[in-house]
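Order as written gives the chain letters A, B and C; numbering starts at 1 within each chain.
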Amino acid sequence: MIEFTQEKFSGPLGLLLSLIESEEMDITEINLAKIADEYVLYIRSLADINPEELADFLVVAAKLLFIKSKALLPYLYADSEEDDSGDLEKQLRMYKEFVEASQKIKTIIENDNFLFVPPLVKSRRISSNLPAFSPPPKVTAPVLHEQFKKILAMLVKRTEQKLPEQNLEPKMNIEEKIALIRELLLNKIKINFSKLLATAENKTEMIVSFLAVLELAKQRELIFDQDELFSEIHISST
Amino acid sequence: MNLKAQLESLLFVSIKPLSLKELATALNVKAKEAETALEELAADYQRADSGLALIKNNNQYQLTTHEKHATLVKDFLKTETSGELSQPSLEALTIIAYRGPISKLELEKIRGINCSLIIRNLLMRGLIEEKFEKTKQENFYTVSLDFVRFLGLHDITQLPDYSKLHQASEINEALVDKIIELASSAND
Amino acid sequence: MNLKAQLESLLFVSIKPLSLKELATALNVKAKEAETALEELAADYQRADSGLALIKNNNQYQLTTHEKHATLVKDFLKTETSGELSQPSLEALTIIAYRGPISKLELEKIRGINCSLIIRNLLMRGLIEEKFEKTKQENFYTVSLDFVRFLGLHDITQLPDYSKLHQASEINEALVDKIIELASSAND
């Protein structure tokens, strides 16, 4: 009696899982590296994505690109065993288990073995001669008045809490960020990656910057250099 | 299929006592067959030291609690429906008082949680009344006349600040806001 | 007096699910005693080809019709669709069913996406319940008794692979604790 609606995918992990499965691949780090570009391409094509959710899609994009860069440049990461790139793989495996379990739950619901309870049955109680009206002794008109004002205050608070979420909307998309970086590189020989990130107003914009830089590197418009591992990354045009 | 068990299921969920004919029709058996099974069921309850009993009145059958437990049940129901209200119930009653007539869905949008059990409890205590609105195909709730009188009022509109609070914009926003939310979560 | 029969009476007459504590208090017995009797009662219903079943969730007990008669009762009550579930909502429900009580943060970690809207929607529909844990200063979520009823289960632990999917969280937590312990001792 519960109907199910179909979606293409649900959330970033759902998208990732459907990409992996459509290629009939197992969930391994190597395969995640292979799928990274396709994932980024897909989220860039999503026109009507909810801004609140975009951040979550971008977090996964960033993780994928990290895994990909690790696969391409393994020597860079040889010493850092504590990196958490295995997390996404683990996370996706666990997510997959629950997606499979959700399909089982769907089947169980569709089997229609509902257990019913009676609606409000007053007749059962008549034999007990209960009073038809049994007020709570301490409730008075002023109590209700106070209570209602509290409820209104709670509603105001709830609306306010929602406002910052709406501000999460990225100020900038990847294309705009790419344009900005190009412009910066026209005026300067080098930019520091950390400075670029520092201009970001939130996590989403930070990830957008990161993706934009990677995109430009991929198109061979810029190069990175770094004096040593974990030191400042300098970006310059090719 | 066990006819007795099927009869027990139907009697358990029914809002009203059921006639032999209604039961036989629902189970697609002859009235005589249903009657024999009902007699067996009644005997089972008596024999097995059950908490339930099957009573027959004017050819109508009904499940009730066993008469042995009458005092226990009565005391239990008395405590269940007396005393002060829980905070969630008080909030629901307040919203119904200032905002009624209000539908269950609207009440739930304001409170953010399902209110089925709370509504049951308030109905049971005679604090609110339910009315089915044909045009909207939905139940609407208002406080009961008994409760208005208990508050010492002639009319619920005599509540402090009623006209202002009845139309409070916060509530209107909560209702609108949640509709959008539900729509978006339905297709997310 | 037969404790099982008394429990059956109270569960039958109550308008809401009852907690072990409420039942034990009403009957003036120890919670443990009431629990044993409830287990026996549930087993009786299963064994005796009964029309009823006793289900449990979050320490709340409720009498329902037996799952064998689901179609019969459904046709009798002429119930309608109780809404639809989107894939994201179904996923969230699944995770809450197997991992509950679970915090919003943990749920979002598994789904990799913000779940605020879904949680509010499921709360309003009464499919999940919210409880504020004082020690952790966080809300925790479990599936509701209604959801257990929709599945036709007597207890959420009857879900396929329950212990495997449920325990995974405990193992992870244990691992995390161990790692934190090792890390802090390494810093000494």
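Here is the rule we use: contacts are C-beta pairs under 8 Å (C-beta built on N, C-alpha and C of every residue); 3 or more make two chains touch, one makes a residue touch a chain.
This structure is a prediction, so every number in the text was calculated from the model and none was measured.
**Student:** Where the centre means the average of the CA atoms, what chain is farthest from subunit A?
**Tutor:** Relative to subunit A, the chain whose C-alpha centre sits farthest away is B.
**Student:** Looking at mean CA positions, which chain is nearest the middle of everything shown?
**Tutor:** Centroid comparison flags C as closest.
**Student:** How many Å are there between the centre of subunit A and the centre of subunit C, using C-alpha atoms for each centre?
**Tutor:** Their C-alpha centroids are separated by 27 Å.
**Student:** How far is the middle of subunit A from the middle of subunit B, if each middle is the mean of its Cα atoms, in Å?
**Tutor:** Distance between chain centres, rounded to whole Å: 40 Å.
**Student:** Could you please state the distance in Å, as a whole number, between where the Cα atoms of subunit B are centred and where those of subunit C are centred?
**Tutor:** Those two chain centres are 22 Å apart.
**Student:** Which positions in subunit C touch two or more other chains at once?
**Tutor:** 12-13, 15, 63, 65-66, 73, 77, 84, 86, 88
**Student:** In subunit A, which residues are in touch with two or more of the other chains?
**Tutor:** Correct list: 5, 7, 10, 53, 116-117, 120-121, 124-125, 128.
**Student:** Under the definition above, what is the set of subunit B residues touching subunit C in their complex?
**Tutor:** Listed in rising order, the residues of subunit B that touch subunit C are 1-2, 4-14, 26-27, 49-52, 63, 65-66, 68-69, 72-73, 75-77, 79-80, 108-109, 112-114, 116-117, 120-121, 124, 178, 181-182, 184-188.
**Student:** Write out the stretch or stretches of subunit A touching subunit B in their complex.
**Tutor:** Interface residues on the subunit A side: 5, 7, 10, 50, 53, 116-125, 127-145, 147-149, 151-152, 155-156, 158-159, 162.
**Student:** Spell out the part of subunit C that touches subunit A in their complex, as residue ranges.
**Tutor:** Subunit C reaches subunit A through residues 12-13, 15, 53, 55, 62-67, 70-71, 73-74, 77, 79-88, 90-91, 93-95, 97-98, 109-114, 116, 148-153, 159-161, 165, 168.
**Student:** Can you list the subunit A residues touching subunit C in their complex?
**Tutor:** So the residues of subunit A in touch with subunit C come to 1-7, 10-14, 52-53, 55-57, 59-60, 91, 94-95, 97-99, 101-102, 104-106, 108-109, 111-117, 120-121, 124-125, 128, 165.
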